[in-house]
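Have a look at these structures, which come just after this line.
Look at the two complexes coming up: chain A is in both, with chain B in one and chain C in the other.
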Partner chain A sequence: MTEKWTSRLILGLTLIFLIGPFLIIIIAGLSAGQSLAFPPDGISLKWYLKVFEIESFRDSFILSMALAIFGTLIALALGVPAAYALNRYEIPYAETIKTIVAAPIIVPGIIVGLALLRYLVLPIGLTVTLALFFAHTALVLPYAVRVVSSSMTNLRSDMEEAAVLLGCTRLSAFFKVVLPNIKGGVLAAFILGFVTSFNQVPVSLFLSGPGVRTLPIDMLAYMEITYDPSVAALSALLAFLSVGIVFLAEKFLGFSRYV
Partner chain B sequence: MSSPYILLKDLTLAYGDMVAVPKLNFSCDKGELIALLGPSGCGKTTTMRSIAGLLAPQSGQIYIDGKDVTNVPANKREIGLMFQSYALFPHLSGFENVAFGLRIKKLPEAEIVEKTNKGLDTVGLLHLANRKPSEMSGGQQQRLALARSMVMEPKVLLLDEPLSNLDARLRLEMRAELQRVQRETGITMIFVTHDQSEALALADRIVLMKDGLIEQIGTPDELYNKPTSVFAADFLGFENIFEVSNNVIIGDAGKMSLDFKSESGHLAWRPSGVKIGQGKYKAVVKSVAFAGERREYVLDAEIGVIMADVSAQKKSYKIGESLAFDLPKSEAHFIEQAS
Partner chain C sequence: MFQNRKEGFALALPAALFIGILFLLPVGILLSEAFQLDGGWSLQGYIDFISKPLNQTVFLRTLKLGFLVAAVSAVIGYASAFCIVNLDPKSRGRIFGMVVLPLMISPVARTYAWIVILGRTGIVNDAIIGLGLSDTPIRILFTETAVFLGLLQLFLPLMIISLVSSMENLPRDAISAARVLGANWLQVFTKIILPLTKEGLVMGGTLVFTGSLTAYITPAILGGAKVLMLETLLYQKVSVSNDYVSASIIATILIAMCFGTNLLLKRIATARE
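And now, the complex of A and B:
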């Protein structure tokens, strides 16, 4: 009996620990006052509405969206064939390659950002936007390879051979029988990549320039100057966006199977 | 004599440095039903895959219908292969699985529908056309795979262990199904099996393989009654095989003199050919199993273990009992092969 209550208590505390900050931010954003505080001074929706009027947020939101969408798409375009090759062919040093591909997960983002700045942006004069694209693609790639790989492990190669014997080329067999069967994994990888890229801070921290900032960096910068509840409101909205996407993904794809 | 429909000439198949099938030579006529028989790992699947074009030979040629197809890619060879795992497309319905190859061929839609329905009908799956393979039983999946290959009207249909994943009753059903389809279409079929009874029951001719080499080719009758090697005899149910030299049979445990004259080589008896209850040899019953109509004995004799199986109507012996037995000349099969 006590064991049951102990485990419930731990579960409850864990939930509070995980969801607590989220709730505090939602409530802080509902403030009627002028500065970020908890508990808030009165309740109003004005900061939630104000968020949409701040121009720099709008610009950085579009940049972050574009980075998340296109960066992830490019990462998938590279990651799906890579995952396929790693699973299908006897590639020498496959394990080493897998480790290298996973490296950005292991290496702290700050180092990746600094390295990109120091060795790509500064010496070559790569534009910050392009550097951001490279960085986000590279960042999402490990997730793409991993998630797609895991959806491919149960896929037997004789299915493709069957397609070839029915007249397909190797390439069309990939599109006609492999892709439809890993579609769930590819979508899951896209969502995971999208959320990872969108919420990414450390790498983007180094890669910002005049008028070019991702949304999280822009929010940091905004907070340094203006300490009002709009940042809390925006954070809450973004959190709802992420939760919404993951919820839909779970509902329609069984997302948790892949990650 | 017309040229053979399938001809494998000095076909050598390897995985890297490991030669799985060295210098295979084989031919068959159009419409034949060939069984590729042999223990697991002897190179049956490897041979099939190379005929289908999925495995490029290290050397040698493959001719089909008079043409050298050694370098023709798999998707142009017009050969059907039914995989041991069926390899159905899980994301497609039964109908679309069967229509898959016809769509690749870009046939007109009406023709695709007609051929697919006919194919599904032939294997009795028309009513399940809208189901996914995962919603079908093992036997239904297998028939779907068969229909998918057959609608392409391949020159040759290869089947890799087509019956091994089925339970006993379905196996008989599918066996009949294969025979019927083969008879109705007259298609040339090669099927792989490691089960001698399956090969004997179905095939026009059996190719017995061992370690990548052909051990014997012949009709079921020839293989069953006249195996030419110790391996073939053993594989086809001669469970008592002994070396013979100067009218003495030599077993693992010892020697016994033979009461009839024989050339040197090997002599083999099926368990059913061993007489027990009388004879010049003595043995002790090591174990006995009741198998309905018959009783299967394992005997401990001077030359080693003897397998005997006799009608259950006859007198039965218990474990540990001594008995007399005989290896009669009338039941002996002589194999020229020396040790």
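And now, the complex of A and C:
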């Protein structure tokens, strides 16, 4: 009996440590006062509403959304064929290709941002937006390859071979047989990539210019000048957004099977 | 397996080229810059860098915080993971979901909460003054303690996830048998649990340690200029003093530490008893 209560105590404390801060942020954003405090000075929704009126937040939200959606789509367009090739073909230099594709996970993001700024943006004149787009795509690509690969290993290859024997081309066999079977994995990879890109900070630190800033970078900059509860409110809204996406994905897809 | 090697290679090539050209090449040039001085190859930049006391402090602090966060999250991680795997399947899924949840939320939001908790007028200081432990607020924000807490909260879920998945196949009977035969929990841990979950510990440890070394937001928000770590020092070198040589030296050190940890811990995990 004591063991059961010890277990509850340990889990309770761990969860308070992990989740408690969010509850505090959500409540601090509900303040009616002018500065960030807990417990808040009165309750109102004004900071949650003010977030939508701050123009720079609106612009950077759109940029972050666009980067996360298109970056992940391109990463899938590159990653699905690569995952397919690594699973189904015996290709030369397979290990080298795997190492290259996994590299963005290990290399610290801040270094990537600095390198792209110094050697692509400054000398060649590549726009910051395009550099951000490349960096976010590269960052998501390893996850795309990994998640799609793992959903492909469970799929037996004789079905495709049968389709080819029955007259399909390799390409149409892929679209008719393989893709319908791995679409859950592809969707899971998209969601994981989207969340990774949207929340990414270090890569984007050096890749910001006039009018071009991702949302998390914009929040960091805003925090430095003001101490009002709007960042708390925005943080809470973003937390609801990502938790909502993941919750729906889990419910309809069994997201955690793939990740 | 299809035999057409060229076709397979052509399918995998675009992804590898994309990362090779737009990612690895610029990073490679940046790293090589740290070894170049006055047009020739030299290690002088490193010697100058390491000889500065501030840089030494920052380097050692980064290592220390990385170790501490990894060690403490291993202790909490083992306790929580063991409790999680012993739950009934339904509450197990629910609790596990709550552990994973923070990973989906922006690190900016996760770190910002600590300002409300640790600030001058924050919850902790309110409690300290309310309890009469001190008359004036104590400074917790912008100390190593604040950075430590922020990093621990950020990375603990990764440790718990790694340990839970490695505990999945832990033989329950062996543990209860050992208990019945008189082993205490410490013996059960060192003789049964630890050897069987070594891989999970190594994987979680790598993620937490390298994550802490390369975190930017936590030291930036909770440490500021008072508690610099390698990442915030790098940012400062570039944005404040335009010192690109130091920046690429720090970059090389960070990458070397990350790859080194990965290799070393993988060795340990696969080493035979």
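Criterion: the second predicted complex is superposed on the first by the 255 of 259 C-alpha atoms of A that agree within 3 Å, B and C clash if a C-alpha of one lies under 4 Å from a C-alpha of the other, contacts with A are read in each partner's own complex, and residues count from 1 in each chain.
Here, contacts are C-beta pairs under 8 Å (C-beta built on N, C-alpha and C of every residue); 3 or more make two chains touch, one makes a residue touch a chain.
Everything numeric in this text was worked out from a predicted model, so none of it was measured.
Partners chain B and chain C, once the complexes are superposed on chain A, both fit on it without clashing.
In the superposition on chain A, contact of A:Gly167 is made with chain B only, not with chain C. Among chain B and chain C, the chain that touches a larger number of residues in chain A is C. In the superposition on chain A, contact of A:Ala32 is made with neither chain B nor chain C. By the touch criterion defined above, A:Leu248 lies against neither chain B nor chain C after alignment on the C-alpha atoms of chain A. By the touch criterion defined above, A:Met159 reaches chain B but does not reach chain C. Between the C-alpha centres of chain B and chain C, as viewed from that of chain A, the superposed structures give an angle of 100°, to the nearest 10.
Of the two partner chains placed around the shared chain by superposition, chain C is the only one that A:Ser235 touches, whereas chain B remains out of contact. In the superposition on chain A, A:Ile62 contacts neither chain B nor chain C.
By the touch criterion stated above, A:Pro180 is placed in contact with chain B alone, chain C being left untouched. Between chain B and chain C in the chain A overlay, the least Cα distance found is 8 Å.
Note: no residue of chain A belongs to the chain B contact set and to the chain C contact set alike, using the contact criterion stated above. Chain A contributes residues 156, 158-159, 161-169, 172, 176-177, 180-181 to its touches with chain B in the complex. Interface residues of chain C facing chain A in the complex, by the touch rule stated above, are 1-5, 7-9, 11-16, 18-20, 22-27, 29-30, 76, 79-80, 83-84, 86-87, 95, 97-102, 104-110, 112-117, 119, 121-123, 152-153, 156-157, 160, 210, 213-214, 216-217, 220-221, 231, 234-235, 238, 244, 247, 251, 254-255, 258-259, 262. Taken together, the chain A residues at the contact with chain C in this complex read 7-8, 10-11, 14-15, 17-19, 21-22, 24-25, 28, 36-38, 78-79, 81-82, 84-86, 88-94, 96-97, 100-101, 103-104, 106-112, 114-116, 118-120, 134-135, 137-138, 141, 145, 157, 170, 195, 198-199, 201-202, 205-206, 216, 219-220, 223, 231-232, 235-236, 238-239, 242-243, 245-246, 250, 256. The part of chain B that touches chain A in the complex is made up of residues 52-54, 74-75, 77, 79-81, 83, 85, 87-91, 100-101, 104-105, 148, 152.
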